[in-house]
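A quick write-up on the structure given underneath.
As written, the chains take the letters A, B, C and D, and residue 1 is the first residue of each chain.
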Amino acid sequence: MKKLFALVLAVAMVLALAAPAFADDTITIGVFEPLTGDNGPGGKQETLGMQYANQETPTVEVNGVTYNVELVVADNESSNDKAVSAATELVAKGASIVLGSYGSSVSIAGADTFGEAGVPVIGVTCTNPQVTEGNDHYFRICFTDPGQGAIHAQFAKNTLGASKVYCLGQLGNDYDQGLLNYFQATADELGLKVLKEDFPEGTSDFTAYLTNAKNFGAEVIFAPCSIPYGQLIIQQAASQGMDVVITGPDTWDSNMIMDSVVATGMDVYCTTFYGEGGAPEFEEGFKAYLNGDETALANNGGNDMIAAVSVMGYDAYYVALEAIKAAGSADPAAILKALPDVTYEGATGGIAFGENGDAVRSTAFIKHANAETGAWEAELTDLG
Amino acid sequence: MSAFFQANLPYLLSGISVGGQYALIAIGYTMVYGILRLINFAHGDVFMVAGLVMVYASASMPMYLSIPLVIVVTVVLGFAIERVAYKPLRSAPRMSVMISAIGVSYLLQNCALYFTGGLPQMYPAIPWLSNSVNIGPATTKIVTLVTPVLVLALVVILELFIQKTKIGMAMRAVSRDFETSQLMGIKINSVISMTFVIGCFLAAVGSLLYFTNYPSVIPTSGAMPGLKAFVAAVFGGIGSIPGAVIGAFIIGICENIIKGLGSNWTVFSDAFTFVLLIIILLVKPTGIFGEKATDKV
Amino acid sequence: MSKTDIVLHVEHVTMQFGGVMAVNDLSLDVPEGKIIALIGPNGAGKTTAFNCITGVYEPTNGLVEFCGLPMVRNYPHGKMKKQYQGSNADKYAHDPAIAPSPDKITELGIARTFQNIRLWKSMTVFENVLTAKHMRADQNVFSATFRANAKEEKRMREETEALLAEQGLLQYKDELATSLPYGLQRRLEIARALATSPKLLLLDEPAAGMNPQETAELAAFIQQIRDEYSLTVFLIEHHMDLVMRISDYIYVIDFGSEIAQGVPQEIQNNQHVIDAYLGVSEE
Amino acid sequence: MEKTLQRDSARKIGSVIAWCLIAALYAFLILLDNVLPANGFTLMLIPVLKKGAIYSLICVSMNLLNGFTGLFSLGQAGFLLVGAYTYAVFSVPAEQHDAVYQYFDGGAIRFSIPETLGKLLGENAGNFLGAVVCIILAGLVAAAFAALIGIPVLRLKSDYLAIATLGFAEIIRAIFQWNSLGPITNGSNMLRKYTNFSDICIGSLKLSTAFPFFISMVCIGLIVLLINSSYGRAFKAVRDDEVAAEAMGISLFKHKMLSFVISSFFAGVGGALLAMYQTTVQANAFKSAMTYEILLIVVIGGIGSVSGSCIASFLYIACNEWWLRFLDSGSVSLFGNTIAVPFFRDGFRKVVFSVLIMVIVLFFSRGIMGDKELSFAGLVRKFQKKKSPDGAKGGAGK
């Protein structure tokens, strides 16, 4: 028995060591995403966009030579302590450039590993300013939290005409807390009244919090939390018969939130990176890809609704290809040098890098979940 | 007064409802502990699996079939866990069995992760239970009102079962003295299996109520309710069924009152549960209804 | 007997569990250098009495003095105040209760053995005895970790070796304590108790499970250690044989209360004792 | 007589081998950091070795409590958290404060120990000494927390102790996430930019892998010294039989407290090392799942075996973060051929891993080492026995 066990372990080791064996005509792009853990669903959708893009354009031409592009995915398990080894794995497998991660804290946790190895990273949807701050090798193609928090406050005040907003975020989650913080800053300027509360991880009963919101007289609930909590908040607000508007962050742009909205008829808005119908060609292709691949469809949550993070993942892949072309080589150092000047017109709009390596973006979208049609309706908002 | 009532009734209601759900899980913990002296860490995950089975079952069959199916599958799962993971360790030190329980919990969570891909699964709406209802100033789902009633009914039935039936008597004997009961010809294994079957049946019922209220199932859905229910069981005096139920209601209500206290306190709603537990343990080391354990010298 | 010769003085000790009187108003004296026995039928409360003396239980009421100084004292208070069924409830109520933990009592100089042998099962014979010397060693956790107590450690090891040699256990020193035959385990438990350098040794049924020959050897052994280590011995026993052979004085209890006391001959002929052991016929 | 002679020689040879191996290990680690080429193998080896070394210390510290003193405590994650935070709070450089404590106006503590020492002694020495000072401080703070918690909870027994310590770990986590303490703990946000392993070097010699090994080895050495001392024996006595221990004059409370505080000290040190390894700290990560993970490693290694805990730590980390990763990738590449395997997709690694753990728990319930220790002297003795059949007869007793 013991010998058998040892044998199995030994075989596993050999297999693991035999794994990285790529030919010379391949350029590796690392995908640093959570496939399991709290952020697993979002990470998967983001990865899908990249995989679709890779299927669409599996080669890149550098200096007249055509290389195959290989995506290598490392699961960071949404966990900071696993981020280091996941990042190292990508470096070890020879990634020329890395895309990711969904979730800012793992991005920050992995940043130093990439930095030490000199591998450039393009953050796809990690919105925390700290991701790129002080990390010269970290770029990003999405807007950042200060902007997003401000949009939400302005939206609540100007568009929804609210005077009291109840804010609810997860305790110990820096994404939630950061957004709440920026929201509060803008809300104070605008003269919005804000009540902010935190719920501990693993909470499923939000009725007490919603009662607090009701007692506060909130007209809008801003809940920058992850999808499962978002679903619960929407459903419980509905079952309590609350007459409020619920607004969520970019993470909420997902069919899973839409399902809850359709089931309850609540009035829900969220920010997003991508307006529906912005790139019809992409949408058509991506839907066909999803419906043609059972695993991909399952990873997307079982239907072919397009999540903004997938579009962002798709664009990130092409930005990476542009960078490789501009660098004229697969060498990470050369790509890092070329990256700041890369521009790309993607499905989510024009992408260019400005200060700190953050994308220069002038617009963000706010989407409304239409409970009757089950579709998102986008509104354009000025980031000014 | 009426304003106070109006403002606070929802907290109380949700406290009672949450307490009822904890109670159904806590009974499973307390019964297993009473007989095996084992903290069955996997119990919360069995509860989560029951939720997932319902999600998958209801997708392909009508409600009147899927509900019994969920209960049967959960009971079989509990039975299987006991046979595979705990029975072989019957004579092993207590810590080994507990670690086996942690291992099972880990396995169930990871399997759920593998099959669902970590995506939250929408729990189906069970007709009638999911409807909203008005009680004075508060609006809530019918399930909130059904839960405490159902819990009390189940506890009464369970107590009758334990007090009056032969197998109930055997359970009491085993929990009092494991070795002697074995010598007296009680079939220990069937008594233990029975305990797991009852515990898992209640967990399945609990999952129906719980997920109707909070209709999103993720692989870690069972962890927090499981932990809270366990705390409730310890609080009430582990091994005592009424103790577990009362402990669960106290914890459910306190937790919701804390959440209503103001924004600086919501942070500690979970921590408070543990503070309460530690205080109780210090004042009465075996919980409210626990029997004092004497170490024979 | 003058007061100063009394090593252990037990006065009105009562132990009540809920409504059950396990020990009821027990008073006894153990003079220095003697072997005193406490006997009684099964369930008479002998071990409970021991536990009250050694701090395992806190007696409900009563006083225990060691070498003339109060060591354990209590009076019915709290919940017990109402439930208390014994006598002398007010006698000790004026003084504060004293309830040292067993280790403090051992430190004062009382060592004990257990009815159901309680050796440290993962340790060797040598370690069992060596560990009992831990309390008396001049060291702290830092000096012990950084080996600044090397001299002390060496002394402890030498003493342990010597003690094992005296008890005839040296040849087993590296064996696991629990792998020894039963009789030797008993002996080892006594050796371990001796390692704490006691003045008074409490033996809880030392001859339990022994055959007559082993019992005879044990009797000699107890007398021998009493002389060698100038100890006082207080023992609980079932084996009349052993008790009658070695005891200087005997206390008999039944249902928690004393029913007789005296020198062995007196006890042997005491009708109460015979009744208690053989049962009284219903006439 | 011959027997003792042989045993002495075995011990001598054993210790020579052990020291040689340690020297070779450090030489290898330093080579790994500085000279060896960075390829797929060495790149993965480095984080696995670092984390393995850190987890060894953490697991040994838990083993001291659960294995050697028999206290079933599940509060380890809490003490790791305290250690990690203490380390990070005192080593974030002053200029980074505004960036790190972005929501708390730069925080309340505006100095960094490595930086302060660096000004006096030069940057490298400052980083090295500062890290060591902060690590010790982390241990001390964790120990202080343990002393406070120990007063109430150590009166509880077995399962009750387990659940109370688990509860305290959760309470500690909530306190560290509390916004009102944000100026110190940064609330729910992560601490970063503090001194980490890659800052540790002497001149141009990088010690980023050797450093965690060094600290872990010193700490585990101290724990081993403690276990083999008079106090260690007292701990084992408490574990084997509390009643007997107390009757032999061993104060239960004092010794349980000692073990609890010492174990927490080393857990705090482990937490600080973990913070250095992760380069970021967030209270969110220190959940009870982490305690269970550590407990599993201790059990796999063997409860009551220090070397078992160390071996299990390295194996566990390597399997979890390296060797079994291919199970997630959807395919296996074997000798250059990529074979798609139907079951291999995200999460499969964790399923396989948990099945492996169950197999170990059920069929090898005493773990890799049981309560034995790996000893080179023992190996040498075995070798000697094999060589001379007379020796085998003579040396029957261990």
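Note that contacts are C-beta pairs under 8 Å (C-beta built on N, C-alpha and C of every residue); 3 or more make two chains touch, one makes a residue touch a chain.
None of the values given here were measured: they were computed from a predicted structure.
Chemist: Does C-D or A-D have more contacting C-beta pairs?
Modeler: A-D
Chemist: Please identify which chain has its centre, taken as the mean of its CA atoms, farthest from the centre of chain C.
Modeler: Looking at centroid distances, A is the chain farthest away.
Chemist: Between chain C and chain D, tell me the centre distance in angstrom, where each centre is the average of that chain's C-alpha atoms.
Modeler: Each chain's C-alpha centroid was found; their separation is 44 Å.
Chemist: Quick check: how many Å separate the C-alpha centres of chain A and chain D?
Modeler: Here the centre of chain D sits 33 Å away from the centre of chain A.
Chemist: Using Cα averages as centroids, what's the distance between chain B and chain C in whole Å?
Modeler: 47
Chemist: Would you kindly tell me how far, in whole Å, the mean C-alpha position of chain B lies from that of chain A?
Modeler: Centre-to-centre distance between chain A and chain B: 36 Å.
Chemist: Please list all residues of chain B that touch 2 or more other chains.
Modeler: 113, 117-118, 267, 270-271, 297
Chemist: If a residue has to touch 2 or more other chains to count, which residues of chain C qualify?
Modeler: 56, 114, in rising order.
Chemist: Note the residues in chain D that touch 2 or more other chains, in rising order.
Modeler: 173-174, 177, 179, 243, 345-347, 350
Chemist: Of all residues in chain D, which touch chain B in the complex?
Modeler: The contact residues of chain D facing chain B are 66, 72, 152-153, 155-160, 162-164, 166-168, 170-171, 173-175, 177-180, 243, 288, 292, 295-296, 299, 303, 345-348, 350-351, 353-355, 357-358, 361-362, 365.
Chemist: Can you name the residues of chain B that touch chain D in the complex?
Modeler: 33, 37, 39, 84-85, 88-89, 92, 94-96, 98-100, 102-107, 110-111, 113-114, 117-118, 227, 230-231, 234, 238, 264, 267-268, 270-271, 273-275, 277-278, 281-282, 285-286, 295, 297
Chemist: Along chain A, where are the residues that touch chain D in the complex?
Modeler: Chain A residues touching chain D: 1-2, 5, 9, 12-13, 15-21, 35-36, 40, 44, 73-75, 79-86, 88-89, 91-94, 105, 108-109, 111-113, 116-117, 129-130, 133-134, 170-174, 176-178, 181, 198, 200-201, 295.
Chemist: So in the complex, the part of chain C that touches chain D is made up of which residues?
Modeler: 54, 56, 101-104, 106-107, 111-112, 114, 118-123, 127, 130-132, 134-137, 139, 141, 144-147, 149, 153, 156, 174-175, 192-193, 195-196
Chemist: Along chain B, where are the residues that touch chain A in the complex?
Modeler: Touching chain A: residues 7, 10-11, 13-15, 17-18, 113, 117-120, 122, 125, 130, 132, 134, 138-141, 210, 213-216, 218, 220-221, 223-225, 256, 259-260, 263, 266-267, 269-271 of chain B.
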